[in-house]
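Across the two complexes that follow, chain A remains constant while its partner is chain B and subsequently chain C.
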Partner chain A sequence: MIFATFSKKELPRLFDLLAPNTVVGPVQKGLDRAGRPLYDFDVIYRFQDLRLDYPTTIHSAKRHFLPHRESLCTFTLQGNDWEKQVDYNVYKPVVFFGLHACDINALNKLDKVLSSPPYPNPYYTAKRRNMFIIGQGCQPQPQCFCRSMGTDTALHGFDLFLTDLGDRYFAEILSATAYQFLQKIITRPPTAKDHDRYKEVVTERNQQFQTTVDTTDLTKLLDLEFESAAWQQWGDKCLSCGTCANVCPTCYCYGVEETVDLDLRGAAKTKYLYSCNLIDFAEVAGGHNFRPQTATRLKYRYYHKHRGFVEAYEESLCVGCGRCGEACLAGITVPDVLASVRALGG
Partner chain B sequence: MAAPLSYLGVGLDRPRVGVFEFTSCEGCQLQLVNNEATLLDFLNLIELVNFREAMSERSDDYDIALVEGSISRADEVARLKEIRTNARLLVALGSCACFGGVNQLKNRFGDLDWVKKKVYGDFPIASQEVRPLADFVAVDLMIYGCPPKKEEIEKVVTNLVVGKKVAMPKYPVCMECKANENICLFTLGEPCLGPITRAGCDAWCPNHRRGCWGCRGPAEAANVRELEAIMARHGFSREAMLDRLECFGGFSSQVAALRGQPRRPRKARSSKRS
Partner chain C sequence: MAPQLPFINLLAQPGGRRRQDLGSFEYSYQAEITNVYPLTKAEKLYQLQLIDPEERRRFSFLPGQFVMLELPGIGEAPFSISSSPLHHGDLELCIRDVGNLTHFLSRMQRGARVGISGPFGTHFPVENMVGQDVLLIGGGLGIVPLRAPLFAVLENRSRYGRLDVMYGAKSPADLLFTYQYDSWRQFDVNLAITVDRPNRGWRGATGLITELLKERIAKADFQPATSFAIVCGPPVMFRFVCALLTEAGLPMQKMFVSLERRMHCGRGKCCRCNIGATYICLDGPVFDYWTVMNLKEAI
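Then we have the complex of A and B:
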């Protein structure tokens, strides 16, 4: 890892250098009913719109690499012949300006499924290969439990990672591209004082976590508690609405819809993100539904995130960003659910 | 005469379509002639043989009946039954046809003679409890919405013509609302029926920062009990929620359960069936 420091005044210059690409970053999106600001990721056109002090965002940055709806291919029909057009929907490199560690780790997890054998997904991979990621240190929020999930720091999966030292940034440089861009602004090698300040800032940040999840033997616990009464209790509350999956940075399930154009001269295959909580997620051809009960569907969401994925990849498919719990109108949060399964099962 | 229809070189029949209305605002019919950009392609897929709002021809020889409106008079029942006999496929178009729609709000008053007097005074007019089409005839397909989205009607008709399965979303509006990355109205301090209402409108109202009123009726796993708790947590009264639930008639059984008993006297319901 190469480190550098640079004055905060240099950041707008770095932004301008990257601006010919599509820049995506945190912006303020109005106020909630109590007058608190709300944030989300969006395309940034002016540096001053970028809100690097954002606590978290309502939705993850997913729509920029796993869009909720995406055309997989279209067909032009003529007589009884047809021609297929495929577009990976990558037009410009995308610069992600200010992703927190959880969201970078989310991409790393998605890579294991979507950019790896046996079935790499070209639509995702094409976008992933055309990303430039600037990470940014965060202020843990009450709902954040990334530290429990081991995703509170990003070790790879970014080009540049910035930590705010007050008047300057401490930069971790991970790619040659990032190194070259930093050549174009004024930086200097960090001094011992910078190192000390960096360690101080990080320690201070790490003391702010309020929520933890006990992951000890979690896969085994989930196996043992398959019949736990906790599932039914949460299932009674669940709305089967899919909001949790939609805001989650790592949920990747999808359906494919085939449509015929109104003029019958074209057709399309469109992918749309889906959620395991939706009533027909496990409905198969012929109409049989393997998971007709809400509680069962809710349980399997946890089994995929915290058991199945761990067995396959030795890590969980949850980065502890807390977005699902914040967005769930029924108040169903990952820490509460996992704690209740542990407690009720005892 | 329009050129024969074909898809991938296979000839297709152009279905003969009749459009009919009962007690309604004609808004759903208007949707049929909406969307100028695609209107000609839409009309090219079908052969319209009966559509009072758009043409003068009147034929009883049709394959598909698109039926708008609820039933609120005895003569409407007879006409609906006739349409059922003529049509191969009877489609309930819009909330009135599917659930009674806004019209069924009058059923809330229980004493329907009082309602009639309030609205029409002493003018003699036939009027009875408002019911959806399915209370009188078999309905083959429902296109939900007040009004339905034209895009959805286009998709349904295209699928019918090419012989593809017609499927409506079973999940609630929240799914589409989140896909559009709206800020949840509850976060903004407004009530919304999105968590229990069938999707398919692309979260039309929440996209414009208006809470859903449930015009498409219940999603297939509508957790009304939990929505009640959510409304209460956000400071909305039970009546405010019931107002929304009752607006289009799609949640009538859920409302009856919430109110603890059917609101209107039993005899009003049974005496109108024939």
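Then we have the complex of A and C:
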């Protein structure tokens, strides 16, 4: 890994250098009822709009690479004949400015399912190949438990990662493109003092985590406690609304729908993100539903993230960002659910 | 360096047709409906032919695999291939009219064009059953995916031992492929059929398919050590059937079932068919019974 440091005054210059491209970053979007600012990832045109001090966002940056609705293809129809036109819906590179480690890790996890053979998904892969990612160190929030999930630092999947050392940034440079951009601003190689300060900052940050999840033998536990009463208790609270999947940076399941144009000359095939909490997620022909109860579906979401994905890829699909717990109207959070399954089991 | 980041246009890159190629993801073969045979009130047999001769020749599948059938503007859904693997891109699908897409399809005429992608999923390993007795047990629509391994065995009839087909339907009017029974019997198939609700003219067996199986198991020439079973039908049915077979001494890894799940991609990407780490579309739909027993909430 190549490191550099640069003064905070250089950051707007770096932004301006990248600005001829589409830049997506954290912005403030109004206030909540208690008057606290709300943040989201959006397209940014001016450096001043970028809120690098954002604690977290309500939605992940997902809609910029896994949009809620996305056209898979269109058809031209003519009598019995038809022709299919495929478009991956990406026309330019996108700069992601200021992603936290959890969200970068979320992309790395999605890569494993979506870009891997057999059948890599070209819509996601095309967007992913055209990302330039600048990561940024974060301030752990009360709901964050990424450290328990091993996703509190990003080891790959970005171009540049910045850590705030007070008056300057400590930069980890992962791509040649990032290196070349840094040549255009004033940087210097880090000194021993920078290294010490970096380690101090990281240690301070790591001490701020308030929420932990005990993941010891979690896969075994989930297998053993498949019938635990805890699932029913959480199932009784869950509204089956799917909000958790909507805000989650790693929920990717979808459905497909096709529509015909009014003039009957064209048709479209659209994919829309779904949620395994929604009632008809596993309904098949004949009306049989493999997961008719709310509790079964809620359990399934945990089972896939923390058990199934681990079996397939040796790691959990949850990055511990805490967004689902914050967004859930029923107050269902991952740490609470997993702790209760552990406590109630047996 | 230029202020614009370089753009990598994956769409412009040559798109192959192999499973690992990005271009194969949304590719569908154009196929023509060459014939439609109504089999019962709800089910029709559709004969499809891939239009491009080269694609038709190259299209190859194994018994038990399925395709995604697409009607542009209407929808896309998974269907088991019900024809012989020897016929490549001349496919037969037997489809029940249950909803949006299947109903639209039921009103389509020969000559219409549909999209086909696949084949997807795992298959019934008939290649491993050579030299052994084969039991094909189907309930209801389960006979549809069973036809592919049946044809595969019939085409190499001399390489297999005794071949039993047991088939159960609700009533005589629901029986599928009645016109083929005689020809199957001619090829040394022991065909046994039962219905739940007989009508007046019915002279065959009545009752559950498990009764047919019990009779078969009771016979002296039933040899579990040198038999394989393929069981297709609703989960309640194969649970009972597989329990009987296990009791009779057939090892669980020599019984194969086909699972049904909601599927929106067939390619392990939409996650709709997922059970834990298992994608029914990739790791299945065909599983041996031992694997099914180990899948949480599989049946």
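Heads up, the rule we're going with is that the second predicted complex is superposed on the first by the 345 of 346 C-alpha atoms of A that agree within 3 Å, B and C clash if a C-alpha of one lies under 4 Å from a C-alpha of the other, contacts with A are read in each partner's own complex, and residues count from 1 in each chain.
One rule holds for everything that comes next: a contact is a pair of C-beta atoms (placed from the backbone, for glycine too) under 8 Å apart; a residue touches a chain by one contact, two chains touch by 3 or more.
Just so it is clear, the model here is predicted, and its values are computed rather than measured.
Undergrad: Where does A:Asp217 make contact in the superposed view: on chain B (first), on chain C (second), on both, or on neither?
TA: neither
Undergrad: State whether A:Asn80 touches chain B only (first), chain C only (second), both chains, or neither.
TA: Both partners, chain B and chain C.
Undergrad: Could you look at A:Ala285 and tell me whether it touches chain B, chain C, both or neither (first, second, both, neither)?
TA: A:Ala285: touches chain C, not chain B.
Undergrad: Quick check on the superposed pair: does A:Phe132 touch chain B, chain C, both, or neither? Answer first, second, both or neither.
TA: In the superposition, A:Phe132 touches chain C alone.
Undergrad: Looking at A:Asn246, would you say it contacts chain B, chain C, both, or neither? Reply first, second, both or neither.
TA: first
Undergrad: Between chain B (first) and chain C (second), which does A:Ala327 come into contact with in this model arrangement: first, second, both, or neither?
TA: After superposition on chain A, A:Ala327 lies in contact with chain B alone.
Undergrad: Contacts for A:Asp196 in the overlay, against chain B (first) and chain C (second): which applies, first, second, both or neither?
TA: In the superposed model, A:Asp196 contacts neither chain B nor chain C.
Undergrad: If you stack the two complexes on chain A, which partner ends up touching A:Pro93: first (chain B), second (chain C), both, or neither?
TA: Once the two structures are laid over each other on A, A:Pro93 reaches chain C alone.
Undergrad: For A:Gln180, is the partner it touches chain B (first), chain C (second), both, or none of the two (neither)?
TA: Touch status of A:Gln180: second partner only.
Undergrad: Could you let me know whether more residues of chain A are touched by chain B or by chain C?
TA: Counting residues of chain A touched by each partner, the higher count goes to C.
Undergrad: Would you tell me the residues on chain A in contact with chain B in one complex that are also in contact with chain C in the other?
TA: Looking at chain A, the two contact sets intersect at 77, 80-82, 259-261.
Undergrad: Any idea which chain A residues touch chain B in the complex?
TA: 29-30, 32-33, 38, 40, 58-59, 63, 68-69, 77, 79-82, 236-243, 246-247, 259-264, 272-273, 275, 278-280, 294, 327, 329-330
Undergrad: What residues of chain B sit close enough to touch chain A in their complex?
TA: Touch list, chain B to chain A: 5-10, 12, 38, 41-42, 44-45, 154-155, 158-159, 161-162, 164, 170-172, 174-175, 178-181, 183-184, 186-189, 194-196, 219-221, 223, 225-227, 229-230.
Undergrad: Quick one: which bits of chain A touch chain C in the complex? Just the residue numbers, please.
TA: Of all residues in chain A, those touching chain C are 17-21, 72-73, 75, 77, 80-82, 84, 86-88, 90-93, 95, 113-114, 117-123, 125-126, 129-130, 132, 177, 180-181, 184, 223, 226, 252-261, 267-269, 271, 274, 276, 281-286, 290-291, 296, 300, 303-304, 307-312.
Undergrad: What does chain C use to touch chain A in their complex?
TA: 1, 3-11, 19-20, 22-28, 30, 70-76, 96, 98-99, 102, 111-113, 115, 260-262, 264-265, 267-272, 274-278, 282, 296-297
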